[in-house]
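Letters A, B and C name the chains as they come in the text, with residue numbers starting at 1 for each one.
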Amino acid sequence: MSSRLDLDLYLDLEVFVGPFDLLLTVLLREEVDLLELELAEVAAAYVTKLEESGEIELEVATEFLVLIAALLELKSRLMLPSADDELAELGPEEAVDELVARMLEYRRFRDAGQAVTDIFEQERGHLYRSAPLPSAFRRVAVENATQAYRPEVLGEAIGRLLEPPARPDLSHLKRTVSLRSRLSALRAVLEGDSEFDFDERFGREDRLTQAVTILALLQLHTEGEAEWSQEEICGPITISNAAAGPGKTAVGSPGYVATTEREAG
Amino acid sequence: MESDGALARTVEALLFLAPGTVTLTELADACDASEAQVGEAVTELEMELRDRDRGVVLRRVGGGFALASDPRAEQAARRLLAKPRTPPLTQAQAETLAIVAYLQPVSRPEIARIRGVSSESAVSSLLERGLIEESGRSRFGATIYRTSELFERVFGLEGLDQLPDLTAFDPTPEDERELRERLVAAGEQRSEP
Amino acid sequence: MESDGALARTVEALLFLAPGTVTLTELADACDASEAQVGEAVTELEMELRDRDRGVVLRRVGGGFALASDPRAEQAARRLLAKPRTPPLTQAQAETLAIVAYLQPVSRPEIARIRGVSSESAVSSLLERGLIEESGRSRFGATIYRTSELFERVFGLEGLDQLPDLTAFDPTPEDERELRERLVAAGEQRSEP
């Protein structure tokens, strides 16, 4: 059986040691606090792994991006401070709403899964007949049969099966976005512009490219090359060259405690 | 009535011979009778098979009808046909199957987002068991899945609308309040100096 | 008597599910009962089926028993079965069918080795649709499959030599033996972790 996991990513973090898959499970089951988790380290581990292999398998990368983006979004909202006192109350509240909604969505399907299991247990005793037709009827069926399938389907299937996985052929992938190319793209922009708006530069790219760019940004952040800031939830993201000084709010910055300004006020 | 009995006889013979489920329209065409007449004959046969309580029952599955064996004969059947019992669904498979069944068509990243774990292994065992099947690709190249005809048969469903209403699994307001309080408490802990 | 009724129920279910004739000994083994008890249950079932006069009858044939459709339903059955069901093939079904078509006769374990996953559900749906059929047993007791005449019809082939040639898929195997080796080698790599 080919039951390998997609994200063969092993993590060694302060609050968690183990495979990425398990991390997500313990997060959803509330055994590890999202606020304690340094997502940049997770992204960095993934980036390292990608660099070692040198290839992005699109479906796997998409899965990782979707998961890490959801976690980033949740965590950033949990951590988001605001200059305004009223909004300061609202920010974490909304973040909690979002996290609760996600956890409730999971619970809903966990319970639906239980119901599916119950139906399966109740029904699996019923067996269906799978006997060949008596020969008299078989002849009728053959006589009346007309072409319904293209024979090429069979050649294509054999072609697929002949392809050894050791020689990966990426021609069937629609497209890939390499992390390395997004890193160079970001560095190139930062060289010319010490501060720029994410949407202005990358807003016209497709979602996958934008997502990989965010991953690349995380990498630059951990390496101390770039800072990024966001004044309000879902507002524009400003990226600045780390040498040019940080923005007001470091979203996604590991360990950054979100209430500094409130305390100061 | 003699003629009704004859129609129920023909219907039983057809369901016995046909591979897979047979729809009302197919039965009516083959019997040269109206769908209403055939529908009555199906009900008559269904009740008679229930009353005689023997080894064969009529099931309304996947938008049609099929004969199946009585579950009480399952063990003996597996001995005769040398077939091992189908393994139970694991929790991962059950959750994944529920997501596909309720949200179909649905992509694997979407399944992963809801379950919070990558779900390749659950998806591929469900594919192998024939309970779900591929139904194309998303814009981003991810495979999209839906449930199969076999799923409806194995789960004894007339159609997908026979699944329990998803709202039946809405968490209670207490669940929600409890979760929220725990999260707020965690957030407040973090904000203290 | 309740226990007799239960045995007749199991016997009916077994005869319903079995693809061919079942002997008294096989029935007794599967039911965990004596041949005398099973013999009585068979007679009870036979008489009951005769009395209810529906679409299924019990036949004593070739040293065993089988259920069969009532001959009076033959015309309707011809009409129903005259049009073979041809829903779109899933990827698993297409691969399995291609393996059987190019390498026949081929055993189920070999199909699994080439695909890298157990292929039970694909094999049984192809059997059920009549696209492949059993053609005996291998030395080790595994069922061997080949494509059916219906297969050639629904693919518009006049013979198996009309199967698409594989030159499009480089490197092209020289002959069937080489193709088999190549497929098995690729499959084994696929199933490795």
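Methods note: contacts are C-beta pairs under 8 Å (C-beta built on N, C-alpha and C of every residue); 3 or more make two chains touch, one makes a residue touch a chain.
Just so it is clear, the model here is predicted, and its values are computed rather than measured.
The chain with its Cα centroid farthest from the Cα centroid of chain B is A.
Of all chains displayed, B has the C-alpha centre closest to the centre of the whole protein C-alpha set. Centre-to-centre separation between chain B and chain C, using Cα means, comes to 23 Å. Between chain A and chain C the centroid-to-centroid distance comes to 43 Å (mean Cα coordinates, whole Å). The geometric centre of chain A is 29 Å away from that of chain B, both derived from CA atoms.
Counting only residues that touch two or more partner chains, chain B has 16-17, 19, 67, 69-70, 72, 77, 124, 128.
Of all residues in chain A, those that touch two or more other chains are 1-2, 4, 127, 129-130, 133-134, 137. The residues of chain A lying in touch with chain B in their complex are 1-7, 20-21, 24-25, 27-28, 30, 33, 35, 58-60, 62-64, 66-67, 70, 78, 92, 95-96, 99-100, 103-117, 119-130, 133-134, 137, 173-175, 207-208, 257-259, 262-263.
By the touch rule above, chain C contacts chain A in their complex via residues 13, 16-20, 68-69, 74, 77-78, 81-84, 86, 89, 91, 94-95, 97-99, 101-102, 114-118, 124, 127-128, 130, 133, 148-150, 153-157, 162-166, 168-169, 173, 179, 182-183, 185-187, 189-191, 193.
Residue ranges of chain C in contact with chain B, taken from their complex: 5-6, 8-18, 22, 26-27, 29-32, 45, 48, 52-56, 67, 69-70, 72-73, 76-77, 79-81, 85, 87, 90-92, 117-119, 121-122, 125, 128-130. Residues 1-2, 4, 127, 129-134, 136-138, 140-166 of chain A are the ones touching chain C in the complex.
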